[in-house]
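By written order: A, B, C and D. Residues from 1 in each chain.
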Amino acid sequence: MQQQNLQRKVLRTICPDARGLIARITNVCFKHELNIIQNNEFVDHRTGRFFMRTELEGIFNDKTLLADLDGALPEGSVRELHPADRRRVVILVTKEAHCLGDLLMKSEYGGLNVEIAAVVGNHETLRALVERFDLPFILVSHEGLTREQHDNNMAAVIERYEPDYVILAKYMRVLTPDFVQRFPNKIINIHHSFLPAFIGARPYHQAYERGVKIIGATAHYVNDNLDEGPIIMQDVIHVDHSYSAEDMMRAGRDVEKNVLSRALYQVLAQRVFVYGNRTIIL
Amino acid sequence: MQQQNLQRKVLRTICPDARGLIARITNVCFKHELNIIQNNEFVDHRTGRFFMRTELEGIFNDKTLLADLDGALPEGSVRELHPADRRRVVILVTKEAHCLGDLLMKSEYGGLNVEIAAVVGNHETLRALVERFDLPFILVSHEGLTREQHDNNMAAVIERYEPDYVILAKYMRVLTPDFVQRFPNKIINIHHSFLPAFIGARPYHQAYERGVKIIGATAHYVNDNLDEGPIIMQDVIHVDHSYSAEDMMRAGRDVEKNVLSRALYQVLAQRVFVYGNRTIIL
Amino acid sequence: MQQQNLQRKVLRTICPDARGLIARITNVCFKHELNIIQNNEFVDHRTGRFFMRTELEGIFNDKTLLADLDGALPEGSVRELHPADRRRVVILVTKEAHCLGDLLMKSEYGGLNVEIAAVVGNHETLRALVERFDLPFILVSHEGLTREQHDNNMAAVIERYEPDYVILAKYMRVLTPDFVQRFPNKIINIHHSFLPAFIGARPYHQAYERGVKIIGATAHYVNDNLDEGPIIMQDVIHVDHSYSAEDMMRAGRDVEKNVLSRALYQVLAQRVFVYGNRTIIL
Amino acid sequence: MQQQNLQRKVLRTICPDARGLIARITNVCFKHELNIIQNNEFVDHRTGRFFMRTELEGIFNDKTLLADLDGALPEGSVRELHPADRRRVVILVTKEAHCLGDLLMKSEYGGLNVEIAAVVGNHETLRALVERFDLPFILVSHEGLTREQHDNNMAAVIERYEPDYVILAKYMRVLTPDFVQRFPNKIINIHHSFLPAFIGARPYHQAYERGVKIIGATAHYVNDNLDEGPIIMQDVIHVDHSYSAEDMMRAGRDVEKNVLSRALYQVLAQRVFVYGNRTIIL
């Protein structure tokens, strides 16, 4: 086997728990002469669900590998084989630059294995920043449109780029269920709060009024309900009485961008599994 | 002035903001030949309120000092002079030992300048632990009593010990407004969550169901509304998908006891000011 | 198979990395009709070493299970089968109570699956605390003894209790290499600093002089060199200019006890693997 | 007094501690009809030193204000009056983009009240990034030069821009004492470690070899000795056995940029006082 032909892929398995699953899956890999670079699994005993992420190296025959796995796995199994490649994303923004800026920097200078195919904004504000990085910025204004019309326009633009993920980097409008269903488990949002606290508008003002001593941010998948999707990553910082709502907002921006980029790092490495309203990160 | 006669006291001032306040107060201290060991102040520009904590050393004539301060301060000022002594507390518990155990250890072996006058429980569970530390444990059972009757019985026991503060160290019953009003700004609770999330019962199960990636605890003053008093201290720890609700509970216990004891440390040092629903910690 | 006969054990494997290891090991478990409750593995590609922790449930025939594993594993493999039982420890102390108190509380009231067989001190200071919890305290004074003699006396006392681990809960003397070699990978220390900073005496004073903004603690195995063993757990807290060395020490105590107890939790669950000077926690 | 003429300035006082200092200083401000927006002070009782930061609003007559303060303060006092304006910095870089990128973003899009006058690099690597933000990038190559010659060339370039501060944003060369002395208490460095651990080269590899469970970063003033200046800010993140040295480096970059930008925020607000080898942040 020549070194130069070796490929890396990630096998992801979700199935009903059963005895011998790890042996069955790794036996198949062994038979295909694939090296297991890293393997992580988790059994959720409450729901009787088995999750496994297997990072493989070797020469892949995807078709026979998947067929062999289908033969080894129980009914109702999901298995996916992903190339360990750079992923494509489209980023949605409104007016705030901090999360977008961090993603632009990391895409170009390292830290995230991601290609930003395009940035879509409902305002012109961030065009200059995006164009500085020689990337396309597309304005999809919501002016004079219903929410459905606007989301339709956005979806049309996004689908043109065939992204693996859609990142809401401080996109400040609520998305329609229809839009969300077009990108199942592909939309990732950064919420300016540690959910489930302070859902909705002006969370830093809510936090200030409540006199909290910590503020945070939550990165999560977007499903039908606003701010209710499966949580990927959360973090907080400490604040004190001297912080105004504006100070909290400024300090919170760093948490937001850090949490979004750390969440995205795990998603891009195919480590995040969604099951029900929870995530398993392997 | 002889070293041995020197006393330490903490002067706390809350008043409407006005020009020259710091000068006026420190001038009075200067005139009384009191050394300022530490001085911290804060102006809340939103409410136009001035807060100052002044740690003083010298020979005190409390009466003339307070009279001079009254002459120097504007209408509507509150000023308090506290001896920098050990404080007395009564602790309320139900069945969980971890917060109580930490307070018992720190009261006896250092870490908190506090005398535990008594521990009051609505169950017998923790009597043995308290008596190991040679402190009185008083059972005030709620069996067969209305909430009002039970709280009355408790208040009667507590008042016998004349505590400076009443600490709810995992006391798991809701207190009546009448009880709360008997100890204004004197009741401190540890809430097994980072407020305002997961108010009410079984917060760790709520947190598990929501799939959160951080859990926390909040120490706060108790006012009329359950879990709604001014927050003193909060902290969190990171959890992941492998945590069951029980694991979260176990890990959360350390956060709870740490947050309660850190909050109490600030309260005992007369550093915590309550204004509206917020605290200022100087 | 009757539910009541089921046992839980932890299988730990360390061996040279090779293709198909996970399959081989889990195939053996499968053949023995053992359920894998949890499985975690890690390959250190730098050293070519494979580590796996397998939590098993079923009816165990230890002898044939281990023989089957030996047949399946490559030369130079280490595999251990541990009952998932309560572990016994002996705790060594000097004068400080905070780590000991936390362990006493958690052993008795939950949080650590550990039986404290005895506490050994080189001073009488903590006898009262230990006896409050109805546990044996043994004074092994170092007065008038060489370090070797003292350590010999201690080892003799400790070995009488046949502990699984020896916990240094702020034991403030350096141990002889001879003592350390009698308890290989069984001695766990809490160091009042985040190693490798501030090795040696008075670390909080060193930290104060250096003007650091964070202080921390490190739990580690003890090997020949003071403060140089494999690190299990570390944590820090933020401090500022207002902290004296004594304030740092007081605040540091909570970090120390938290880190020690979290490290011990992982060790007791058979999750910590030592390899060279590093730990792998599965 | 007309609203539109009001100015904001920050008065910073360092002097030997003495009774009545706060009164004396605030009396002077009061006499000048200046509003105290915020006042913070600290007495270091070990060195007998008094530090005060006073944020003032009003109409300033700098000359008489400073003269009045000189009359009120003891011998050996330092007092400075700074306009609360945007500050100018020159940034020094080598090849790594992450800290520079964060500063560029925050200077242009908010988060730091700073004007980046120029970026000086000893490699061309980051020219494109700087020019994207329409700022001057100046290459000062060290090729074929002694350290003294190179530092002289850099100092000449830097002084042309008359910066308030010189930021080492991952500038990877050691500076000469001569260079450092030209910018006293004006050079701020981000060190890729939590000092005092892992001084010197390749700290992430040192950290990996030592098997640490936390890695961090330190922002500090630069004085004569490498990595030994007064610490302004530190933070850490948790890592585990699965991190290679490269993973630590990647994760560490976010800590580095966060710590540098938070330190700079405090410095720009004139909150950081240097005394000996420690900082006081008011």
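Heads up, the rule we're going with is that contacts are C-beta pairs under 8 Å (C-beta built on N, C-alpha and C of every residue); 3 or more make two chains touch, one makes a residue touch a chain.
Composition by chain, UniProt nomenclature: A, B, C, D = Formyltetrahydrofolate deformylase.
Source: prediction; values computed, not measured.
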Contact-richer chain pair (by C-beta pairs counted) among A-C and A-B: A-B
Remotest chain, chain D as reference, centres from CA atoms: C
Centre-to-centre distance between chain C and chain A (centres being mean Cα positions), rounded to whole Å: 37
Approximate Å spacing (C-alpha centroids) for the pair chain A, chain B: 41
Set of chain D residues in contact with two or more other chains: 42, 238
Partner chain C, residues of chain A touching it in the complex: 19-20, 22-23, 26-27, 29-30, 33, 35-43, 45, 238
Residues of chain A defined as touching chain B within the complex: 42, 44, 46, 194-198, 209-214, 216, 230-236, 238, 240-242, 244, 277-281
Residues of chain C defined as touching chain B within the complex: 97-98, 101-102, 105, 108-111, 129, 132-133, 250, 253-254, 258, 261-262
